[in-house]
Every structure is written in C-alpha cells, then in structure tokens.
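One chain, chain A, appears in both complexes that follow, with chain B as partner in the first and chain C in the second.
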Partner chain A sequence: MIDLLAAADVIADKPDQVLVGLKAVGAGLGYGLAAIGPGVGIGLVVGNAITAMARQPESAGMVRTTMFLGIAFTEALALIGFVVFILLNFA
Partner chain B sequence: MKFQAMGLYFPDIEHLLNWPGVLFEGSKYFELNKVGIIYLWAMIAPLILFTLAIRKSKLVPTGVQTIAESSVDFVRENVVMQTIGPDGMKFMPFLMSLFFFIFFSNITEVIPFIQFPGNARMAAPAMLALVVWVVFNAVGIKSQGFFKYFKNTIIPPGVPAALLPLVAVIEFVSTFFVRPFSLAVRLFANMLAGHLLLVTFAVLSAALWDTSPLISIVWAPFVVLIGLTGFEILVAFLQAFIFTILTAVYIGGALHPEH
Partner chain C sequence: MIASNKDLTELKSSEPERLIVADLVKRGLKIAPIWILLAGLIWGFDGAASAAYGLALVLANFVMAAAFLTWAGRISPAVLMAAALGGFIFRLIILTIAVVAVRNLSMFLPVPLGITIIVSHLGLLTWETRYVSLSLAHPGLVPDASKRMKGQEKK
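On to the complex of A and B.
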C-alpha cells in the first residue's frame, strides 16, 4: 500500500515521463495485438491456396492471384497497427 | 528526440519526416529533396526503359525489349485478364503506368546510396489512391449511370431485407472510404516497415563491427541484412503488383456489377 502511494507521488511529480512511458507501452501492446489476427488470417489464406494448388495444379495461376488479393486484404489490419505504433511513439 | 535502445544509436526519427532540399534550394516552387528526386526517377525510368525497348524493336525480342515485353505480358495476363477480362484492355496504359511508377519508386529502397523507398512518404501513396478512387468511380458512373452504379455498389445481390440497412452502410463505407485509405496505407506502411527493418539491421551490423571483439557474431546480423535486402526486392515488386491488381479489381467491379 505504501509502495503504491510512493508510486502515485512519483507519477504526480513527473506526468510527462509517465505519459511517454504509457504511450510506449500502448504502442507495443497495440502492435502486438494487431499482428495476431492477420498472422492467423494469412496462414489460413496461404494454407488453403496451397491445398487448392495441390488438388488442381492447372488452376494454380488463378489461385495465386486470388491468394495475393486475400493476403493484401488481411495484411492491411496488421499494417494499420504498425502505423498506430509509429504515430503513438513519434507523433 | 534521440532514439537509443540497448547501446545502439538509431538515426533520429526526424530524418524520416523532414527532408532538406538538395536541388534549387531556397526556390519556392522548384526546391527538390531526395524523395522528390526519387519520384522524378520513378517517372523517367519507365520512359527510358520503353524508349530503349522500341527504338530497335525486332520480331524476336532481345535485351531490353525482352524485359519490356515480358512486363507488358505480365500485367496483361496476371492483372487485366484475371480480374477485368478482355474489355479491360483499354485500362492497360493506366495500370502499366501505376505498376512502373510504384515499382521504380519502391526499388530505390535497395539501391546503394539512395536506400529510401519513395513510397515510404505518405504523400505519393495517398495521391495514387486518390487517382484510383476517381478512376474507378468514374468508370462505374460512365458504364452504369450514376444512380444505378450507386445502387449496385451499396446493395449486394441476395441480401435479406432485414439486413439491408446494415449491409448498405457497411458497403458504402468500405467502398468509398476504406478502399482508398487501405490502398494508400498498405503501400506506405509496407515500404516504411521494410525501410526501418533494413535500418535496424544495418545499425546493428555497424555497431557490432565497431565494438565487438567477437568478429564472428558480426556476421549473423549482416547475413540477415543481406537476406532482408533480397526480401525487400520481392516486397517492392509485390506491392506494385498488389496495388495494380487491386486497382484492376475495383475497376472490374465498377465495370461489371454482380447480378
């Protein structure tokens, strides 16, 4: 309890530094969380594309184009997380 | 703000945001910085490539002509034919220009002494996305008429009536706002992330080279740096391809509505 009060004193003394620290923590957590979903998603897209290509090698060209489209849509979320990271840390 | 992590000194983040002019300094309208020169190069390089290719064109292509013809063939077969179909051939010049501009301003990321992708500044991707937005909407309005295009865009076929208000709002936002935004952010963030990755490993290699007596561990980040350079060449190509193919998909969707 006393430790918490001491910490509160420090925070009240230096709000700017605490803000910088919290921004860094938020940015790191935000990027990490934003990368989970797209990671799983790209895995699913590419895995299913490989299955499709292995079953029907003659349709590989079409499947590859569609796969890149799927990757592009899925990846956008992770990239927005990256942009948020940059904005929080440096803007 | 100096950025320091674990004894490594990273270049100031200001280096990414403020670019001093290097040509025509002080002039109000003609001052060019490094990024501006990269855009000029990305504009002129395809011109030079295709001028060289057609100057001595032969039936059986050799040299530069092979590169030019295979790139045209690539965009035609993999972008236009796969997404729009034969009537998309009239968009070939637009898509080729997009592809080559983006590719040549991305590839400067790995060219020694330049080493900065032009598209890692938000201005160019945002402008390109705006151009694409105008083009696919104009194509849709021209081929279907304003109200029909609008109706076909925000009301997908086969949606139950109860869900229609929700779906219409989602489709409206995703077509007219999220599409250009995600196009621009995808290109920008991919190139910036690649650049930061290369910078990180270059700084690490340099710092180890300067300080470490264990010369063998210098090679680990350096080998990763070389590998990443190869990977970034792939990314530069892939991002140009993805931007072009998404443009083609949007134009195709505006040209042939789902029934």
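On to the complex of A and C.
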C-alpha cells in the first residue's frame, strides 16, 4: 500500500517521464505482439509449401515462388507493428 | 519466341526467389526517384532522405529474405523451414538496429520513413504478384521468357 502511494507520488511529480516510459513499454509490447501473428503465418506457409514440394517435387519451383510471396505478404503485418514502434518511440 | 512449358518449369525450379527479388529490386529502383521526389515535396529534404532510407531498407529486406531462402533451399526442406523462421526474426532485428542507429540524425523523420516502409513493401509485392500470377496461370505469357531462355542457351 505504501509502495502504491509512493508510485502515485512519483506519477504526480513527474508525469512527463511516466508518459515517456509508458510509451516505450507500449511500443515494445506492440512490436512484440505484432510479430507473433506473422511468425505463426510464416510457419504455416512454409510448412504447407514443404508438404506440397514433398508430394509434387516437379512443381517445387512454382511452390517456392508462391511461398516466397506468401512469406513477404505475411511479413507486412510485422512491418506495420515495426512502423507503429517507430512512430511511438521517435515521433 | 514462346518458351515451352518444360523450359519454363526448369527455369522456375532453379531458385525462383532470385528471379523474384531481382524483379522487385528493379521495380523498386524504377519507382524510387518518383517516390523520393514526392516525399521531398511533402516533407522537404529530410523527408526525401528518410523515404530513400526506408526504400533501401525494404529492398535490402527482400534481398536478405531471398538470399536466406535460396541458400536454405539448396540444402534441405528442414533447413528451409528453419531459415524462413530464423530469417524472419533476424531481419526484424536488423531492421530495428538500422532504424535505431539513425534516430538521432537531423534528417531522420519517422512519418515518411514509416509510410515508405509499408507502402513500398506492399506496393512492390502486389505489383510482383500480378506478374507472377499471370506467369503461373499462363506460362507462355511470361513477358521476357524468351530473353531469359536465350541467356541460358548462351551459358
């Protein structure tokens, strides 16, 4: 209870510093959470591409082409999280 | 000359990532002057520099992804899986370091940099996907297939 009161005093004394800290925490959390989805997505894309290549080795070139594009599109989600991180931290 | 399906299959199965990324970089370099000029008109010199840096980061990201996958594809599917996931994390770390390293420069503007990263990444991919989907659906319609075939014959 005393700790909470002390924390409330710090927040009241230095609201700007607390805001900067919270922004940094939010940016880090946002970036990390935004990377989870693409990680799962890339795993699915590559896993299914490998299954397809194992079933039809003669179409490996086409599968790898679409796999590469799929990975790049999935990665765009992580890049959006990255841009939010940049904007929160440096804007 | 329209290339035969067999030739195209051979062409496509020989490291297609390299062909795709070469196309992406070519198109990125084509749009770069226009995009940088546009950013310069909106945000000034600093905005143009940030947009150029963002575009360079996106193209470097594509090149790294293709290099990882091409290298891993030569070894085995298991390494391909590891390279795809490991490469994703590695490239995010490199991007973060590349941006954090320049954050204190006077010409660093986060807004044009961020917009450039998202728009150029998605725009170039969409552009490339239209081309690839056409060539996958109708292999004889690959625009420069005959040139590539001639190049391979000379080798």
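Throughout what follows, the second predicted complex is superposed on the first by the 91 of 91 C-alpha atoms of A that agree within 3 Å, B and C clash if a C-alpha of one lies under 4 Å from a C-alpha of the other, contacts with A are read in each partner's own complex, and residues count from 1 in each chain.
The rule we apply is simple: contacts are C-beta pairs under 8 Å (C-beta built on N, C-alpha and C of every residue); 3 or more make two chains touch, one makes a residue touch a chain.
Worth saying up front: this structure is predicted, and the values here are computed from it rather than measured.
Aligning the two structures on chain A places chain B and chain C in a clash. Within the superposed three-chain model, A:P15 lies out of touch with both chain B and chain C [touch as defined at top]. In the superposed model, A:V46 lies in contact with chain C only, and not with chain B.
Between chain B and chain C, more residues of chain A are touched by C. Judged by the touch definition given at the top, the superposed model places A:F82 against both chain B and chain C. Looking at the shared chain after the overlay, A:F90 reaches both chain B and chain C.
With both structures placed on the common chain, the touch criterion links A:A60 to chain C but leaves chain B unconnected. Contacts of A:A72 after superposition: both chain B and chain C are touched. Of the stretches 21-29, 147-155, 183-191 or 219-227 listed for chain B, only 183-191 runs into chain C once the two complexes are overlaid on chain A. In the superposition on chain A, the residues of chain A touched by chain B in one structure and by chain C in the other are 61-62, 65, 68-69, 71-73, 75-76, 79-80, 82-83, 86, 90. Partner chain A is touched in their complex by these residues of chain C: 9, 11-14, 16-17, 20, 61-62, 65-66, 69, 73, 77, 80-81, 84-85, 88-89, 91-92, 95-96, 99, 103, 108, 110-111, 113-115, 117-118, 121-122, 125, 128-129, 132, 136.
Of all the residues in chain B, the ones that touch chain A in their complex are 1, 13, 78, 82-83, 182, 185-186, 188-190, 192-193, 238, 241-242, 245-246, 249. By the touch criterion stated above, chain A contacts chain B in their complex at residues 61-62, 65, 68-69, 71-73, 75-76, 79-80, 82-83, 86, 90. Note for the complex: chain A touches chain C at residues 31, 35, 38-39, 42-43, 45-47, 50, 53-54, 58, 60-62, 64-66, 68-69, 71-73, 75-76, 78-80, 82-83, 85-87, 89-91.
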